[in-house]
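The structures considered in this document are given below.
First chain A sits with chain B, and in the next complex the same chain sits with chain C.
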Partner chain A sequence: MYKALAYKEWIKIRWWAVGSLILELLLLIYIFTNLRAVIEYNSAEMIWSSIVYKSYMFFQSLKYVPFVVGIFISVAQYLPEVLDMKLKLTLHLPLEENRVLLFLNLFGTTTLLLLFIPLVAVLVIGSSIVFPSEITYAMIISIIPWFLSGFLSYFFVSAIMIEPTWSRRLVIAIIGYFLINEFLVDVILGGFIKIIVVLIVFTLLYNYAHMLSGLRFKRGSK
Partner chain B sequence: MIFSAKLSRYLLVITAIIVVSIILPSFYSMLFYNSYPVPRVYFSPVSKDFLFNKAGGKDLLRYDREGKMYTREEFERLTPFFNYRQLLYREEMPDSLNGVALDIQDVKLNNVFYAIKPYDIFRYTIMLNPLIESAPGRPDLQMPHEFFRIAEKMEFINCSTNEVEAELSNLFNNALIENGFAFPAKNVFGNPSTRKPFDEGYLVVDNSDKLFHIKRIKNKPFIRKVEIPEGIKIDYIHLRESNLKEQYALFITDDNKIFIISYDNYRIIEIPSEGYDRKEMQLVIKGNMFYREIGFVSNKIVKTIVTDRNYKVIDTYEETLKTNEDYLVGDVSNYLFPFKLSLTSSDNLYVDFYSEISDLRFLIVSSLLAVFYLVFSRKRDNKFQLIDTIIILVTGIYGLIAVVLIKHES
Partner chain C sequence: MEYVVEVKNLTHYYGSKKVHENLNFNIKKGSIFGLLGKNGTGKTTTINILNGFLKPKSGQCLILGEDSYKLSPKTKSQIGFLIEGHIQYSFMNIIQIEKYYSQFYPQWKRDVYFDLMSKLKVLDNQKISKMSCGQRSQVTLGLLLAQDPDLLILDDYSMGLDAGYRRLFLDFLKEYGKAENKTIFITSHIIQDLDGFLDDCVILDYNGVVLQMPIDEFKNTFKMYQFNTNQTELISKDGVINNFEIIKNKATVYSFNDVENVQNHLRTKGVNFTDFKDHKMDLEDAFIGLTGKY
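Right, the complex of A and B next:
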């Protein structure tokens, strides 16, 4: 049954996933051609100095991409479900409802993970070719919260979609906005190092963020 | 389903509390808090007493300990070292002071001014630095093509190829080993700029908290172990080359003591540091031909210790400043907000959970809010109402907002 459910989810999101991949590819091309040009027209020493002393982030344009991809996947997955109340059918499958809801979100989370891993991998490999490990490490610390914001945008938009009432949708949107804002705060390279583990654990918990809305959807709260 | 939904609700409630405890206090302070100017402290070599200036209305207020006000011109005449350029411009620079002839070159050379802010110390640093050639045989210093790291060993990495320069690395690495360096380096401090009169390389704290001076002279290593007092742990070193050649650097320890490494064979001099807290105070060092001024500045306190050039204390000034906490807005804030949360800090460049916890006054408002909630919440589901009430008691207005916005589904 879950296999069939996964297939149904895949049908819904596949073009959005492909679109996200293309977006990531274009982003990577931009980041590295831009980096080449910056080094070419200045000097490698100058770029190293800028990174070490002025927190120049050559990967800055990545910042909002995971956030946007998270919204894409969530919309692709849940918009068709709620537009015609199809989620009602899904929740009437001979499976426990919260398991179904959790499964739907885990499917989305896995998709995001699969979309983000190649992006991180290419960034890390590219950075390791041009820069020493110290700089690559600082980069990883800096981009993790941005990727977490992608998962959070997915969780919160999912909750907003499933939620049946507009007033509660607004509440969830406001809470989500300010929470994600904290993950995208501008800080120096490596600034997140002290709380990165806490943020990862915290983000994982939000797999449950849409459950309350799920219950309200099922009950048809007004 | 019910259980997951409950879990989901508490997750959202906690998130709402966190978010509101970040947003609401900062909005409150933006709306009601005032800025209280911090006075700048000077020691006049003319009157041999403290002078102050601080922002007040349109103009800067200039005054002394007795509160006597001075005009800008009077103030400048009383601080001839600090304002020598202006005095020269007005042709009012004295030829001598206290029987000492004032040569402008001397005045310039002996003027010292620098500040170390808490966020200079508390920040993530990428431990890669360029080791500038100290004897370039040219009038200007030049940026080298490689950055060095001191991890398991000392390595120079070519910036263009990102490859380790084996020969140079071995040369320096062996020199470090010969001098008993404990790898990896805990911290590396220097002044990686070519816009300075000469280069003094880096001061490096090794893994057993010993201090080493590392320079590159004619592409050869200069390594010198600097003897520091037993048992101290260096937290931060401020190294700025100056033609005065009085001190290599100033360093701050993890127990807020301040030391100077002098050019007199690396002699370590402890300077007055009583009352200094590197976590929240700026350390301001000023100096001139006659005095040294050591200042500790935060928005709560200013303290300046004036010493002679051998750091013997001459006079001390300390003032506790009024902050918003001392006024009604601060009181109201303490009643209203059980705690204030922020992920960033103006004194620290790490992202972390910075919280300011209120004294117990918040419990008064919290209790009122809890009673209010109990009376007005319509649904009677005792168990969950109790949990929500406890949430409000502990987190006050944040909790109330959270449980009202995200109601319990029975």
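Right, the complex of A and C next:
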């Protein structure tokens, strides 16, 4: 039965997922073309100096992409469910409602993981070829909050869409805005190192935000 | 189990607005039951409560013996649910949606669905969102019949359908319900279509239940009488007269009493009348007679 649910979710998101992949591919081409140009036209000392003293991040243009992809997947997955209250059809299936909501969330989260892992992998491999491991490590620490913001945007936008009352939608949107802002704040290269675990825990906690809205939808809250 | 649906003292409010207060009705297994009422009398609210999509303020609804707010997956598999407007996953086509739903219901009747689809002039890869409302109604009907549920809950099947598709929908349902001894709970705002279709009904108005009885009994016992009178101001609703209308000197009264009782009652009230006629009504006339035009 869950395989059938996954089938439905895939039909909804497939073109958005493909679109997100194309976006990521174009971004990678842009990042590495740009990096190549920087290496070609500047001396090694200058690049080092930019990285160490000016926190130059060759992957900076990646910053908002996970956030946007999170919104894409959430909208693709939940907008068709809330238009005309189709979520009722899903919750009427012969399955336990909490498990259905959890599965929908798990499907979206897994999709994001599958979209993000290749992007990170290419970045890490590309960085390892050009820079020493310390720079690559600092890059990983820097991009983790950006990717977490992608999961958060997915969780919050999903909760906003499922939530049946406008007042709570507004509250969720405000919390989401301020929280995601914290993940996207500008810091020096590798600057998130001390709070990275806290950010991950926060993200996991908000994973369940849409569950509460889903249960309120089920209860018919107005 | 004698009753498939049991509604006991159901009370629900939206804020301070009363929707139901102590609503009670039961639906017998194998019967076709109509919940009739004008817009805003709480039909969809009742459907939402019965399907567990709304928690009532108080009272209890039992569906196949289970509390409607806590239906188990097994019980949900025995309930076919039509959302008002024939809502389905419009991003799927007829092949995808069959493939999807068939995984959830072990007794899925694939042939029933594809027999119905073969009568539609739609392409296999045509999305449901690109279909007419009538075609969509046939897709939802096909899915419901293939699910083979014991209880069908249909919220305003008639919305957006022309007369042909409405008839088609009811003809299929009636045949299915009677042949398989299924229970059907239906709401509609087009009362005339349900004439000859329903076994039992509850009629709601803005103050609650105005009638609950077998449909034949309602049609046979509820009468419309028309007469001319100059004492129109003396006519009012009471224990004998359920409703009335006055146009100039012509009065129309609706009552569950026979001619003799109504005439005696009018005389007692001091109403003199001439040209007293007893009119036969169809279900829609009777519904309007009971609930009024406004």
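Just so it is clear, the second predicted complex is superposed on the first by the 222 of 222 C-alpha atoms of A that agree within 3 Å, B and C clash if a C-alpha of one lies under 4 Å from a C-alpha of the other, contacts with A are read in each partner's own complex, and residues count from 1 in each chain.
The criterion applied here is as follows: a contact is a pair of C-beta atoms (placed from the backbone, for glycine too) under 8 Å apart; a residue touches a chain by one contact, two chains touch by 3 or more.
This one's a predicted model, so the numbers in the text were calculated from it and none came from an experiment.
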Which superposed partner A:P80 touches (first chain B, second chain C, both, neither): second
Which of chain B and chain C A:R216 touches, first, second, both or neither: first
First, second, both or neither for A:L205, with chain B first and chain C second: first
Partner chain(s) touched by A:V171 [first = chain B, second = chain C, both, neither]: first
Which of chain B and chain C A:L184 touches, first, second, both or neither: neither
Which of chain B and chain C A:E96 touches, first, second, both or neither: both
Superposed model, chain A: greater residue contact from chain B or chain C: B
Doubly contacted residues of chain A, that is, touched by chain B and again by chain C: 96, 218-219
Chain C residues within the chain A interface of the complex: 14-15, 48, 51-55, 73-74, 76-77, 79, 81, 83, 85, 87-92, 96, 99-101, 103-105
Interfacial residue positions of chain A with respect to chain B in the complex: 43-49, 51-53, 96-98, 101-102, 129-132, 134-135, 138, 141, 168, 171-172, 175, 178-179, 182, 185, 187-195, 198, 205-206, 208-216, 218-219, 221
Complex interface listing, chain A residues touching chain C: 1, 3-4, 7-8, 11-12, 80, 84-86, 88-89, 91-96, 218-220, 222
Contact set on chain B toward chain A in their complex: 1-5, 7-9, 11-12, 15-16, 18-19, 22-23, 123-130, 143-145, 147, 149, 157, 159-160, 162, 192, 343-344, 349-353, 405-406, 409
